[in-house]
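First subunit A sits with subunit B, and in the next complex the same chain sits with subunit C.
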Partner chain A sequence: MTIGFESKIVRSAIWGLTAIALLIIYLPPFYLLAISFNPALQPALPNLSDVSLKWYIELGSERGLLAALKESLLIATVTAAISTITALLAALAYLELGRMRNAWFMLVITPMFVPGVIQGLALSVLLNRAEIVPYWGTVVLGHILWSIPFAFTVILTSLAVVKNNYLLAAADLGATWWQRVVDIIFPLIKPGIAGGIIFSFLLSLNEFSRSSYLVGRQNTLPLTMFGKMNSGATPTIYALSGIIFMFSVLAVGGFMYLQSRQKNLKK
Partner chain B sequence: MAISIDIDGISRNFDGVKALDDIQLDIKAGEFFTLLGSSGSGKSTLLRIIAGFDQPTNGSIRFDGKNILNVPASKRSCNTVFQDLALFPHMTVEENIGYGLKVRKEPAAQRQRKVKDILELVDLGGYGDRKIAMMSGGQRQRVALARALVMEPGILLLDEPLTGLDERLRQQMRDEFSRLHKKTGATFILVTHNQDEALSLSDRMAIMHLGKLEQVGTPDEFLNHPQNEFVAKFVGLETILTPSNISVINDNLEIKIADQKLTIPNTEKVENVTHIAVRSDRILVAANDGNGLNAKLISKNFRGRTYECVFKLSDGQKITANIAIENFKPEWKEGTDLTLEFEFGALIPIGKTNNKRA
Partner chain C sequence: MFQIKRGLSLAIPAFLLLAIVGFIPLLIILYWSFWAWDPSTYWIKPDLSFDAYLAIGEVGRWTVLLSTFGKAFFAAILCLLVGYPAAMAIHFVATSRWAFILMALFTIPFFMSYLIRAFSWRLVLGRKGLINNFLVDIGIVDQPIDWLLFSDFAVMVGLVASYLPFVIFPLILSMQRVEPNFIAASQDLGASFLRTLFTIIIPLTKPGIFAGFLFVFVMSSGSSTEVKMLGGAGESMISIMINDVMRVVNFPLAFAISGVTIVLLLGIIIVGNRVFGLTKLFEDV
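Right after this comes the complex of A and B.
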């Protein structure tokens, strides 16, 4: 990190800018987190002596929110499973491709850049044509399109560890394609697969625009929270936001940890 | 059991570029055979085709007489030690070595015994449960060798396995190859760009250049009877002289160079001699006129046990000679006129005909 030969002024400018950027990124969610521990009705920073879990406990009786949370967890789990498997297959296909690699990469990655509103609308029109009544499954469909490019990118990055000669060596020792995948590729890209699962799970859990077109009778969590905010927020919303935020940070932190361990293994 | 390899008219084109051009080569069972060449000569491509990692554009390869081009790499009875070793980083030493046996579904007890034996053979007893990352460069080399040898292959392919090792380890591993070759009796094929490795290890060797074989033969034949200038230079014969006149007299050649006459035996009966290669280690220097060539010393470099001296003939051609330090007189300076005497085998006639097959 230290840039030894730069002058002091340049270095302090770099550090200052970094600090400002980090503050802008992390202050709002941490502010929200702090508010969630304030027992007062008005959103404000709590005094240290006032810190309480009041809203977290009250969350237990918010049936609407809990039902939405349950729905979102179901959708996120199914999305994570399907996206990761599909992304893994797409990444293995990438390994086998020669000159077509870049085209394949663009093809898989492009849905990332299609605006959610458009993708949601398009899917809902199609499902309507097919006379499929929206339910959690239709939301999953939208979320898979959204999360596959991310899972694919994460897994592809981890595939860089798998040198082509490892696969040749395994084949040389008699391993079939399937044995090479299971014995060599899988163990080496485990962190990538974990990352794919975590990212697609979180992306699905927080997705809004696609869900709003594809949702059935039971709203997902972000939709319910948005509705609640519009009709006058209760502080339980802050508590729920706090839980989701902490969970997300922990999940990503866990992924980072796994990856750093893999790096140590390499050298 | 050692396996013989019959390479019959193999060509390999990459987008119109001929990496291999109609290669014809028989490698005997149990032989230590070296493919020597610089990068881009096609030696690695040929090895990859033998291993089954690549398919030739034309031609066929037979192991013990059976065509194996439609046999996948995983089913060929040859194993490879890769240039970068390609040890699996997530497995221990033991797991790496035992992997092929596991894939072959050998019973666990038998696997364990074989892994233990081969670890002893490569001098790594007790290192079985180490992580690959914890092994040194030389140890990894041995693990890679063990991983291939434990399969008891009929053919062992070594793809520049010594590149990247320091000189001392190189020497050690070289001896190791030689020992393991005798011990296992398998056919060894080594690919290298290092002529010392090739000359010191091989039963027979081939020099490759631009996808073709320049010469095939024993190391001795390469040193004493290189078929053309390229081969002579590649095996370390730096000095190649062009005489102004060559005449054949019985079994001898009489050459005229820089207005001086020399008679050299032509025991190999090389025809159409055009050049004379000079072995730098078989030259003696004398102060006054003797039976040799008069030349001027133009530079000398200390090389530990020898001086590497460059001499210039009156017609401008240069000769490099390695003179043992005890034979080098201090009064010889740059610019001193001296006489070069050639020991038996120092002058090697090179013919124009360039016989590609041997």
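Right after this comes the complex of A and C.
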């Protein structure tokens, strides 16, 4: 704790406001999760004695949702692979670029600020003129733009543990650039690379507005879910949302936990 | 040891990918926004026409632009108000264990589905939602409150919940640059906490405040999910307006609206970076 924050009133005020921030973020999805265990048709909190996996089991027979899920998993896997490799090269470039670093950083993260609808529209019109029929690959193109800035930032953050001295020492001892990358940088930024993969996978899995322009005959999962949510949601939607919510929390939380353990081991 | 030349060749894959898939299509539709509709090909033909831009000036179009930016502005301010104390908790107050847990909790929403999060607000704010049930049960109101959902209020709540994490990280980065001795000195000299907050901490974290504001403003301006899920019937956003214009295949108008929006948003980012040094915030990472 920093000096100046000892007062009990100050601390309780700060903690109270933090709790409100967390409530705003987490209350609704947790409420949805609770509802998903209620076997009744009307959305409400279940009584403890009623808790059931009914809607989760019924998900198994929702063909449309399962097909969309399969499509989205394929797109997310390909997006994660391409985004992470590209972002890794971009981050290695950042190391070498000296005074051009800031310009390069801004350039790579710019797509994050382009509204998804506009980016999707621009790309789809062009693909259309080039007579490329939309399929899962065209969705991947849109998703890469969305996930590279995040993967890049995560990998860049992990590069902070690579001290210049390590690289200088290796260079002095005659290591080539390739040896420095493989023997020093890679082992140290493994968590960042794992983060890049996990985060781009999740961003792609949940992406909505770019997909709506780029998708082919088979809708992605968020598009299918959006349709169902607006046509009187059946409770299976709660179950599926619950699964995706838990999966995202576990993936990101688990990753951050492992990363912190690795840091502690090094100390 | 570091070589610009090697850096440039390493940058090629990302540069080509972002340029071909991202930047070039945007430039092309900007160019096409000056073309004119051609009924014979069901596509547009070369022209130098400003009709599309004039059409933005029509009532109902520029009002949507204005109300989008207004909502985004308001969402950014609210995010700062809610996010600043949370960032202070993480950087100044929490033990390292709690700081880590809070950081994780604020990171997770970045990668959670915006669609599911907006949808789950429906369940909380609806007529038979969590809040209305609670208020009716304890007898504060007799009838469920209607304006909670499908209203500006709901959209604002959805935007703040979605983009709150985007203010917290720049704020923490800027707080890390505040010299703790300044705060200690201020306290030694007898300043109250609020005085220290307003004369030392907030002025020193201005870059983080501006960065957080810009992030939320820009992301909210481009959002559509929150309004689609939570907004009232007549409510629109730039993104939704573009969808509607595309539905009637008015390509030049859709491109013009996109162009104006992109130029405005990227302009704000570039100017913000010049003035407040956004990249400096990330230099240490």
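Following the convention adopted for this analysis, the second predicted complex is superposed on the first by the 259 of 267 C-alpha atoms of A that agree within 3 Å, B and C clash if a C-alpha of one lies under 4 Å from a C-alpha of the other, contacts with A are read in each partner's own complex, and residues count from 1 in each chain.
Note that in this section contacts are C-beta pairs under 8 Å (C-beta built on N, C-alpha and C of every residue); 3 or more make two chains touch, one makes a residue touch a chain.
As the structure is a computational prediction, the values presented were derived from the model and not from experiment.
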When the two structures are overlaid on chain A, which partner does A:Tyr166 contact: first (subunit B), second (subunit C), both, or neither?
first
The chain contacting more residues of subunit A, comparing subunit B with subunit C, is C
Between subunit B (first) and subunit C (second), which does A:Val249 come into contact with in this model arrangement: first, second, both, or neither?
second
By the touch definition at the top of the document, which applies to A:Thr18: first (subunit B), second (subunit C), both, or neither?
second
So, does A:Ile184 touch the first partner subunit B, the second partner subunit C, both, or neither?
first
When the two structures are overlaid on chain A, which partner does A:Ala93 contact: first (subunit B), second (subunit C), both, or neither?
second
Which of the two partners, first being subunit B and second being subunit C, lies in contact with A:Ser7: first, second, both, or neither?
second
With both complexes overlaid on chain A, does A:Ala130 touch subunit B (first), subunit C (second), both or neither?
neither
First (subunit B), second (subunit C), both or neither: which does A:Gly174 touch?
first
Where subunit B and subunit C land on the same part of subunit A: residues 168, 171
Looking at the complex, which residues from subunit A come into contact with subunit B?
161, 163, 165-166, 168-176, 179, 183-184, 187-188, 265-267
Name, in rising order, each residue of subunit A that touches subunit C in their complex.
1-5, 7, 10-11, 13-15, 17-18, 20-22, 24-29, 31-32, 35, 42-44, 85-87, 89-90, 92-98, 100, 102, 104-108, 110-111, 113-119, 121-123, 125-126, 141-142, 144-145, 148, 150, 152-153, 156-157, 160, 167-168, 171, 177, 198-199, 202-203, 205-206, 208-209, 222, 225-226, 229, 233, 241, 244-245, 248-249, 251-253, 256-257, 260
In the complex formed with subunit A, which residues of subunit B make contact?
51, 53, 72-75, 79-80, 82, 84, 86-90, 99-100, 103-104, 131, 133, 147-148, 151
With touch defined as at the start, can you tell me which subunit C residues reach subunit A in the complex?
1-4, 6-8, 10-11, 13-15, 17-18, 21-23, 25-26, 28-29, 32, 82-83, 85-86, 88-95, 100, 102-117, 119-121, 123-124, 128, 130, 133, 157, 160-161, 164-165, 168, 180, 183-184, 186-187, 193, 196, 218-219, 221-225, 228-229, 238-239, 242-243, 246, 251, 254, 258, 261-262, 265-266, 269-270, 273, 278-279, 282-285
